[in-house]
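Letters A, B and C mark the chains as written, and numbering starts fresh at 1 in each.
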Amino acid sequence: MIPSFFRILVIGRNTLVEAVRQKVLSVLLIFGLVLVGSSVYVSTIATPGLDAAGLFDEQIKFVKDFGCGAIGLFGFAIALLSTAQLIPQELQSRTVYTILAKPVRRAEFLLGKFLGVVLLLALAVTLMSLAFAASLYWQETVGLKYAQDVYDQHMPNWQNSPQLVSQYNHDIQDIVSKVQDPQLVEAILLLFAKLVMTAGIALLISTFATSSIFTIITTFMVYLIGHLEGVARDVWLARGAETSLWQSGLAGLISLLVPDLNSFTIVDEILAGNHVPWVHTLNLLGYAEVYLVVLLAVSIIIFDFREI
Amino acid sequence: MEASAPSFAVETIGLTKRYPLAWKRKLLVALDHLDLQVRPGEVFGLLGPNGSGKSTTLKLLLGLAVPTEGEARIFGLPPDSLEARQRVGFLPENPYFYAFLNGDETLRFYGKLCGVTGPKLEKRIEELIDLVGLQNGRERPLRSYSKGMLQRIGLAQALIHDPDLLFLDEPTAGVDPLGSAQIRDLILQLKKMGKTVVFSSHLLEQVQEVADRVAIFSLGKKVLEGSLDSLLAEDQSTQVHVPGELTAEQQEKVRLLLGQAGITSQEIRFSRPHLSLEQLYLRTVQGLPAPTPAKDSSHS
Amino acid sequence: MMSSTLPLSRRLRRAALVALLLGLWAPGKILWEQKIAHEQDFLRYHGVTMSRELRDQLGQGLTIGVLSGMRSVVADFIWAVNVTLAWEDEQWFRMSGLINLCTTLQPRAATFWDIGGWQLSWNASVAAAEDLKQPNALRRLRASRFWIEKGLEIYKRGIENNPQSWTLWAHTGLLYQQRLKDYRNAAYYYQKTSELPGAPVFYERFPALMYGLAGDDQAAYAAWKSLWERLTPEQREEKEHWKEKVESNIHRLEQKLSVPTEKRIFPK
């Protein structure tokens, strides 16, 4: 068992090193950072005439949405592109021969390569999250200063009025709680889970695909369909007289195979500041994990069949 | 089936591999019912033109492909089992290694996959770098290596886990004669260590120098197999080696002597043994004194 | 791990195992997804699904974005660019449409309802009241009133979708108070505001103040009294509850209403 895990780890680490040395990370990261920066820029487009609290609400929403959107988008690009060429690259350059000539199981090889991609995604998401946190902190600083200015300029001697002091403290507390929201950790974890699932789907398709392009396009389609899986599921479960046979068949097929990616958009709720309990997040993460195990199991079986 | 130590390092029984051709609705028979035995400690050469089944045989013996029919065994074990592959080292024909790793990292990577770790691995890496002579390349990425260096790192990684059986696919292809000779010497050294070596090559002279036994393949079939001595020895003739040159008179006397012994054939020949071109080259390049050029040899 | 002895049947056995695994996983998957969806409905209160009109409004490209979970980014983008432009050009009907769009895209973002309602009830209605293109004062008044009603509608739908958002309740109260001069409704909304977690403390005093503005001393007195009785002794001492204000108001009203001495909280 342990030597097996060790071999998977060795291959995983090697895959990560390859990605890092081939500067995969830096190119996409630059764009990721640019986008996070642009979210800060967008936050300068504000609805005129708002009070400090309203203004902050609006701007922090932009920063959060754009920041997480960027993490999701560029994470998706990394997940998709890295995984799609993972196996084809090994087969084309035949480096797989040298590895499988050693006492390494095909399953260990596949899992090791996938582990490398997961590590790469974890690294990328962590770095992007740090940039995101920095942009949030910057927004908080700006917001606090602006609130202070508004009070000082429009309500002189506000410190003497208990009501105004209470209001000020409340505004400050509001700003801080919107930025230092522990639920953002949940959001990042859910985004990461979604990315790993995407990578898993790409891996499965790449085990039987003939070209990387095919893998990329098909995974992209499955990703889109995954957001409609809930609708398909409802259609299939409630199949009545109006649904034709092939409609309910298609809906059924989608429901059985494709994951419900739309349930991960609960991240929007978290970003809007609404309460999403950890229990629910852990539930979703568990779902992603189990689905991933199924994906990997099927990938291993298919890869075992493959002539190299 | 013997339960004790197997008597062959490599054994195949009716090993067959057929590939379906997608658009021709025919089957490509890459290997047709191969029966082969390699004894432990042998150096075995696989010969044959491209497409004759040598590579397919290697793939099947390494567990990289699954036979359509028949069976292969490595030390009595299935080739795709972990135990078998633990005892096997493979030098691929082309450098199927990661170009972004340097020499040390490559050996460390493959070593770890073979279960060699820690200080033992580091020691082994030092030994092998010395053995193959890659001191000045170990810190550079493989993509900057010359063909010769790639062969050397290839040999090193094949040996990293001290295997009992080595498969070398065209080990001297593209290597200069000096390096080629070094590889040849290495093979003999491995043989002395008791290892079994199976290698394929197009360079027939080299095969002749190291192999104990060879098999010749053609169109997926093994056509000929046997020890070099038995295969190459010409029947019904004997060579006599005499140090020094014989004058024409002395040659006549030898003929008379042979005639008295009952050998009167017209095909008795006297000739000067030749250096091979390789030997001349090596001596020249290594700075040894060149042998004096011979006068034209006489045929009588 | 493959075995070279009878490889095909071993693989087929494994494939059958996988088929079995998938067969067991499939119903579990469906049930799990249903559970998650149910939980999320509860958390969101009717999250939006793609309806036909919405898709027409957005166009193909944005549809993909919404489908792929970029719903909030799309809504933000539309908001940031278009709503501001509409404000600058004073195109209030266009803005109203955009507010509807963004709130439909992301009904659980209280911000859109909040700022949207404010835009209409204040900015739009004030602009309409000062709109010199209207022929007479009556028209201006009606236009102004129209936008206030529209804004109120937004606030109320916002509250339906986000009942926990204290700002929506508070700003609705403010709307009733400032724009409609309807102090009783204002009092109701301020009361609700003060009951929600996260609301500033001073909202607890507003209902009573509103009743006072409405001229209803009895109701005002009842409100002040019930506030006083709700506060614990520790809370009364906290600065933010401003006990002096509460005290003085109760005292004043007890005097004004001639409450019998024994029933007074602050007889002196």
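Convention: a contact is a pair of C-beta atoms (placed from the backbone, for glycine too) under 8 Å apart; a residue touches a chain by one contact, two chains touch by 3 or more.
This is a predicted model, so every value here is computed, not measured.
Enquirer: Centre to centre, using CA atoms, which chain is the farthest one from chain A?
Expert: Result for max centroid distance from chain A is chain B.
Enquirer: For the chain pair with the highest number of C-beta contact pairs, give its two chain identifiers.
Expert: Most contacting pair of chains: A-C.
Enquirer: Which chain would you call central, comparing Cα centres to the global Cα centre?
Expert: Smallest offset from the overall C-alpha mean is found for A.
Enquirer: Can you compute the centre-to-centre distance for chain B and chain C, using the mean CA position of each chain? Integer Å is fine.
Expert: Those two chain centres are 81 Å apart.
Enquirer: Using mean C-alpha positions as chain centres, tell me how far chain A is from chain C in Å, no decimals.
Expert: 28
Enquirer: Provide the C-alpha centroid distance between chain A and chain B, rounded to the nearest whole angstrom.
Expert: Result: the chain centres lie 53 Å from each other.
Enquirer: Using the touch rule from the top of the page, what residues of chain A touch 2 or more other chains?
Expert: 105
Enquirer: When you check chain B against every other chain, which residues touch at least two of them?
Expert: Counting only residues that touch two or more other chains, chain B contributes 63, 82.
Enquirer: Can you list every residue of chain C that touches 2 or more other chains, as numbers and ranges?
Expert: Correct list: 1-2.
Enquirer: So in the complex, which bits of chain B are touching chain A?
Expert: 19, 62-65, 82-83, 85-86, 88, 90, 92, 94, 96-98, 100-101, 109-110, 112-115, 157, 161, 167
Enquirer: Within their complex, state which residues of chain C touch chain A.
Expert: The contact residues of chain C facing chain A are 1-2, 11, 14-15, 18, 21-22, 25-26, 29-30, 32-37, 39-40, 43-44, 49-50, 64, 67-73, 76, 80-81, 83-84, 87, 106, 108-111, 114-115, 118-119, 123, 162, 164, 167, 198, 200-202, 239-240, 242.
Enquirer: Which bits of chain A are touching chain B when the two form their complex?
Expert: For this pair, the touching residues of chain A are 3, 6-7, 10-11, 14, 17-18, 21-22, 93-105, 307-308.
Enquirer: Okay, in this complex, where on chain A does chain C touch?
Expert: 42, 45-50, 53-54, 57-58, 61-62, 65-66, 69, 72-73, 105-107, 162-163, 165-167, 170, 174, 194, 223-224, 227-231, 233, 237, 255-256, 259-269, 271-276, 280, 283-284, 287, 290-291, 294, 297-298, 301, 304-305
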